[in-house]
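Below is one structure, written out as C-alpha cells; comments come after it.
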Amino acid sequence: MTSGILLACGSLVSLTGALGGAALPRPWRVPVSATLIATACVVESVAAIDVLATGQTANWHSSQVLPLTGASLALTPLGAIFVVLVALVAVPAAIYWIGYAPHGMSARPTAGSFAVFITGLLIVPAAASVATFMFLWEMMALTSLALVLTDQGRREAARSAGVWYGVITHVGAAFILAAFLILAAHSGGQSFTALESHARALAPGVRATIFLLALVGFGSKAGVVPFHVWLPKAHPEAPSPVSALMSGAMVALGVYGIVLFGDVLLGGGPVWWWLIVLTLGAVSALFGSLHAANSTDLKKLLAYSTTDNIGLVLLALGASGLFSATGHARLGALSLVAALVLLVNHAMFKGALFLAAGSVQVATGTRDLDELGGLLRRMPQTGALFLVAAASICAMPPLNGFVGEWLLFQSLLHGVNLGNTAGDIAIPVAVAALALTAGLTIVAFVKATGVGFLGRPRSPGAEVALEVPLSMRMSTGLLVTMCVVAGVAPMVILPAVERAVRAALPGVGSAPLVHGVRLQLVSVRGVLAPTVLAVSLVVAVAVVVFARRALARRRVVRVTEVWGCGRELVTARMQYTATSFAEPVQRVFDDVLRPVRDIDVSHVAESRYVIESMSYRSHVNDQIENALYLPVIRAIRRWGQFARRLQPGSVHRYLAYGLVALVVTLVVVAVLG
Amino acid sequence: MNHSAYASLLGLGCAAIVLCAVVTLWRRSLRAIVRALAVQGVALALVALTLGLHGHNRGLEIVAVLVFVAKGVVVPTLITRVVRHDVASRETQPLVNVPASLVAAGVLIFLAFSASRSVSVLASSASGRLIPYGMAAMLIGFFALATRRKAVSQIVGLLLVDNGIALVAFLATAGVPLIVELGASLDVLLIVVVLQVLATQMRLRLGSLDLDQLAELHD
Amino acid sequence: MSLLTAWRTVRGTRRVSETLRQNPDAVAGPSEIVGSLQLRHVDAGSCNGCELEITSAFGPVYDTERFGARLVASPRHADGLIVTGPVTHNMVGPLRKTLEATPRPCVVIALGDCARDCGVFRGGYGVIGAVEDVIDVDVTIPGCPPDPTIIIQALRGLTRR
Amino acid sequence: MNTLLHTMGVAGASGLQVVLTGAGGLVLLGLMRKVRARLEGRVGAPILQPLRDVRKLMRKERLRPEFATWIFPLAPVILVATVGVAAVMTPLVTSRPALSSGADLFVVVYLLLLGSTIIALAGLDAGTAFGGMGSSRALTIGALAEPALLVTILALSISAHSSNFPVIIRATIVDPGVIISPARLFALAALLIVIVAECGRLPVDNPATHLELTMIHEAMILEYAGPDLALVTLGEAMRLALLLGVFVNLIVPWGIASSTSIAAIVLGMVVLCAKVATVACALSFAEVFMAKLRLFRLPELLAGAFVLALLGVVSGVVAK
C-alpha cells in the first residue's frame, strides 16, 4: 500500500516539475524542474524497489483523474524493473539538462514537455488499465514529439524528423489500441487483470491477431526493423538529454509492451509467434549494427546502434518464448533474464553515450565524426567516459555489456537441440547473428571513439573544444559508473531482474540462475565469475605496468612527431576518417547497403591529363526506407494530389457534393427499404 | 568391424562428401573444384564399402569399387582434360558471389537437415541418421548448377546432385540393386562424355566455356 | 597439382645460404643491440646499386638474418638506420626525421662510397654532402657498391654473432 | 594442509601456463620463422631470436607520438594482461587451472577480443594514415571472423552440454570418440581458419611484409617503439600460443595434467610443448606454399569457416 502512495506521490512531484518548468522565470526554471524530476524518479524507484523486494504489486486507483474510466495504476515486479530502468536514465538526464539547457533547451514549452515526458515514461509501466495505458502512452509520445521538434525553427532536418516520428509513432499507437480493443471486447473489462483472465480462453486466431498487432505497434516504438526509420532521424535531432531518454528508456518501453502482451496478458503463445520475434530481432540487430558501422554522424550511429541492441533484446525475447512454448520453462526464463539484463544495460551505456555525444556537440558544434578528432585531449573526462561506455556496448569484459551477451549466449547455447526443428535452425542462426552484430558493433564504436576522440582534430571546432560544465560530466559519469558496477557486480541488478521474470512467467518455479560472486545457471552448466574476472584483469594490468617499469632501462618518454615516412608535412587531413574507416565493411556488405558513390574529376583547361580537383562522395542510404516507405509516401502524395482536385474552393461544388450524398443515401434507403 | 568404428567411418565419409560439396562453391579454380569432386567420389566409395563390409553385402562392395573407378577416377580425369585446355580455368564471376554462395550453402544445409529430420529420426540405424548429409550435398549441387557460369562447373554441379542422391540411396536402403546403380552411373558417364564433346565444340566456336555467351547465339 | 610442384621445388632446394665461418671483429656499438639488430633502410639519394647489394645481403644466399639483423618497416621498430647514397637536398629533412623517429640507442650505418664521401656524385648540384655532414655516423661500409660479404661483416660486428 | 598444497599446485600450474604462453609463444614465433627459412633454403634466425628482440626492445627508449593520448601506452599493457588472464584460466598444462570454473570459451574469446580491440583503437591514436588503415582492416576481419568463432564454440559445446573449456576437455578425455566425430572435425577446421585470421598469419596477413599498403596488423603498431613494442610483440606471441594450445587440446587432449602433482604438471608441460610445436611447424610449412589473399577475398575464406562451423553444429545435432 505504501508503495502505491509513493507511486502517486512520485507522479505528482514530477508533474509539479512540469508546472515549475513552465511557470518559473528563466534562471530558476531548469534547476528547480530538474531537481523535482530527479526527486520524482527517486520516489518512484523507491516504490519500484519495494515492489521488487517484496514481490507484492502496488495498486493505486482514482476515479478523479481520468474522466469516464478513472486512472488505475498497478506496479507489478515486471513493471517495476522498467520504472527503475527509466529512473536510471532520467535522473542523469535531468542533471545533465542543467548544464545543457543554455544550448536550446530552456524555453518554457521545452522544459514543460521534458518533465511531462519523464512523468509519462515513469508511469507507463505501472498502468493497469487500457485507458490509463493509452493515455500515458500518448502523453509520452506527444511530449517526445514536441521535444524532437525543439530545434525545428533552425533546422529543416528536425522538422522532417518530427514528421517521420509523429506519423510512425501514431500509426504504432493505433495498432496498440486495436490490439487492446480486440482484447477488451472479448473480456468485458478494461483492467489488465480482466484482460489477462479472459485472454487465455480466446480462439488462437484472435490471440494471434492481437499479438501481431501489439508486435507491430510496440515494435515501431522499439525501433525494430522495418519500423526503425524514425530512430536515425529523430534521435539525432532531439536535444541530447531527450535522445538519451528516448533511446535508453522509451524504446525499452516498446519491449515492455511486447513482454506485456506476449507473456503476461496472452500468457505465451505458439512457436511461430516467437520465431517472428526472433527473426525480427536478428534482422534488426544485423541491420542496425551494419548501419551503425557505416554512419558518420555520431548521434545517428548511436541511433542505429539502438536498433541493433533492441534487436538483440528481441532475439533473447524470441528465444525465451520459443523455449517456453516447447516446454523448457527454465531456459525460457533464463532467456528472458538475458533480455531484461540486455535492456537495463542498454539504458545505462546508451544513455551515457548519448549524453557524451551531446557534450561533444555542445563543445564542438558538430556531430559529424569526419570533423571531430583529438577530443580526448581537449575534453579528457567526457572522452574517457565515452570510451568506457563504448567498451561496455562492445561487450568488453568486465563491463555490463559483457554480462548481458554472456547470458544471451548461454541461453542460446543450451537451447540447441531441444527437438524442435524450427528452433534447431533458429538458434544457430541466432548465435551467428549475435556474433556478427557483436563484431560490427566493435567496428562502429572503435570508429566512433578512435575517429572522434583520438588522433588529431579535423576541424577548427574540434581544435578549440573545451570541457563541458560539471553537471553534464557528472551525469554521464553516473551512468558510466553504473555500467562498471553492473558489469563487475551483476548481482546488484540480477535479483531484481529475476524477480520480474518470475512474476512475468509464473510457471517457472525456481530461479533460473544463482547469483553470488559467481553467476551460476541452474539446471544447465554455465558459470561466470565477473568480479573475479575484473579483479584478475586489474591485477594483471598492474603486474604488466610494473614489469614494464621495472625492466625498462630508460624511464624518460620522448615525445616525437608522428612517423609519416619522413614527410615534411604531416597534417590532420592525412588521417583515416570515419568514412574511410568504414569502407572495407561497406565494400564487403555492398549488396546489402548499396552505397551511392560519386567521383567528380575536373581537369585543368589546358590538358585533360592534369587534374585540377577531385571530389569523392559516398553515402549509404537506408534501403528499407527506400524500398518500403518511399513508395507509400509517393502513393499518399498522389492521392493527395487527387484529393486536391476535389477541393477547388467553389461553393457550388461543395453544395453539389452534399446533394449527391443526399441522393445516394436516399437511393440506398429506397433500394434496401 | 566393430560398431563404433563403423559409425565413425560412415560419419566421416558423409562429412567428407558434404565438405567437398562446400569446397566446390568455395574455390574458384576449376581444377580445385574437379579435385574436390574426385575426393567426393572416393568418399562415396568409402561409404559404400563401409556399408557393404558391415552388412556383409557383396553387391554393395562391388558397387563401391565401381563408384571408386567411375566417380573417383574416370569422370574427374575426363573433366580435367576439358579444364586443361581451357585457358581461363577459373570460375571468375559466378552469378552469386562466393561469400553469398557459402552463406546460401549454410542455409541449404540447415534446410536439408531439418527437412530430413523426420526421416532420419525414424531411421534409428547409424546409417539412417546420416541421410541429411546426402540431401545437403544434393541441394548444394543444385545451387552450383543454378549459379555457376562455366560449363565445367555445371557438370560438377550435376555430379554433386548425383552423388548426393547416391548417398541417400546407400544410406536409406543400405544398397540400391547393383543394376540400378550401374545404370545410373552409366547415365552419368554418358552425360559427361556428351558434355565434354559439347564443351570442346563450345571452345572451338566461342573460345571459352562461359555459358552466358550461349545467350548471344540467337542471331 | 601446383602444390605438388611447389613442394618438389622446395625439396629440390637444399640449403642455399653460404657458410660464413670467419668471425668478425667487434665494432663498438651500444650493448643493447648485441644479438638483435633491426634496421630501417633510408635511401638518401642512391643510384640503387647499394640497394641491390643490401637486398642480396638479406636474401637467401647471404642470409644476414641468421646473425640477428633484420630489415623492418618503421624506424620506430628499428635500432639503426642504413643510409645509402649521398644526401640530396630533398632527403635532408626526411633523413633527420627518420633519425628522430628512431628510439635510442640507434646506430647509423653509412653504406657505400657515396654515403661515406659522396663518391662519384661529389659536387653534384643536388647533393648536400655525405651522410656524416647531416647526421652522426657510427659505422661506415666502404665500396661502390659494397660486396654483401662486407655488409655482413659490418653487421656481424654490431650484433657480435 | 592438503588443500593448501592443492591450491599451491593449481596456482603454480596456472603461473606456469602464463610463463609458457609468454616465453613459449616467443620461441614458437622463432620456431615458425626457422621452419619457413629452412624450407626457403635459408639458415634463418636462431629460434630464440624473438626472445632476444623482446629483451632488447625492453631496454630501449620509450617514444610517444606527439598527438597520442594515454590510450597509446595503455593498449599494449591491456593486450598482455588480457591474454595473461586468459592463459591463467584456460586448461593448457592442467585440466583444472585457477579460475577454471569460469573459464568459459566465450570468456576467453572476449578477453582476447578486448586485447585486439584496444590495439585497434591505439592504431587510431597517433593520427596517422597507416594506423587507421590497419585498424580498419583488422576490425573488419575480426567482425567477419566473429560469427565463425562463436558458432564454432557452439559446435564444440554441444557434445559436452557446456561451453566451459575444462568441462569440454574432460568430456573429450572420457569419450575420445568425439574427436573424430564430424562435428568436432568441422569445428576444428573452422577454428583453425579463425586462428589464422585472428593471429594475422598467411593467407590473411603477411607478418613479414615491409610494404605499408599491404599491412594489416603491422600497420596498426607502426608507431610503437621500445618497451611498448616489446609488449605488443609479446602479447601477439602469447595469443598465438594460447590459441594453438586451445586447438591442440581439442584435438589431442591426452597428456594434460589432471592432478596437481609436480610430475603430472611437468608431463603436461612437455606434452603441450610438443603438441603445439608440431602444429606450429605444420602451419608454418603450409604457409610457405601460400600467398596472401587480397583483402576483399577474405570474406570468402571467413564465410567458408562459418559454413564449416555451421556444419559442425548440425552434425553435432544429428549425432545425438
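A few notes on this one:
Order of writing sets the chain letters: A, B, C and D. Residues in each chain are counted from 1.
In this section, contacts are C-beta pairs under 8 Å (C-beta built on N, C-alpha and C of every residue); 3 or more make two chains touch, one makes a residue touch a chain.
Everything numeric here is computed off the predicted structure, so don't read it as measured data.
Here A-D and A-B were compared by C-beta pairs in contact; the pair with more is A-D. Mean C-alpha position of subunit A lies 36 Å from that of subunit D.
Separating the CA-averaged centres of subunit A and subunit B is a span of 48 Å.
Subunit C has its Cα centroid 58 Å from the Cα centroid of subunit A. Subunit B and subunit C have centres, each the mean of its CA atoms, that are 56 Å apart. In subunit D, the residues touching two or more other chains are 59-63, 212, 222-223, 226, 299, 306, 310, 314, 317. Contact with two or more other chains is made by residues 74, 76, 101, 103-104 of subunit C. Contact of a single residue of subunit A with at least two other chains is seen at positions 424, 428, 554, 558, 560-561, 563, 565, 588. Under the contact rule defined at the top, the touching pairs of chains are A-B, A-C, A-D, B-D, C-D.
Residues of subunit A touching subunit C in their complex: 554, 558, 560-561, 563, 565-568. Residues of subunit D that touch subunit A in their complex: 58-67, 69, 71, 73, 77-78, 80-82, 84-85, 88, 99, 101-102, 104, 106-107, 110-111, 113-114, 117, 120-121, 123-129, 131-133, 135-137, 139-140, 142-151, 153-154, 157-158, 161-164, 167, 212, 222-223, 226-228, 231, 295-296, 299, 306, 310, 313-314, 316-317, 320.
Taken in their complex, subunit C has these residues touching subunit D: 3, 6-7, 10, 13-17, 32-33, 35-36, 38, 60, 63, 65-66, 68, 70-74, 76-77, 79, 101-105. Residues of subunit A that touch subunit B in their complex: 421-422, 424-425, 428-429, 588, 591. The residues of subunit D lying in touch with subunit B in their complex are 177, 180-182, 185-186, 299-300, 302-304, 306-308, 310-311, 314-315, 317-319.
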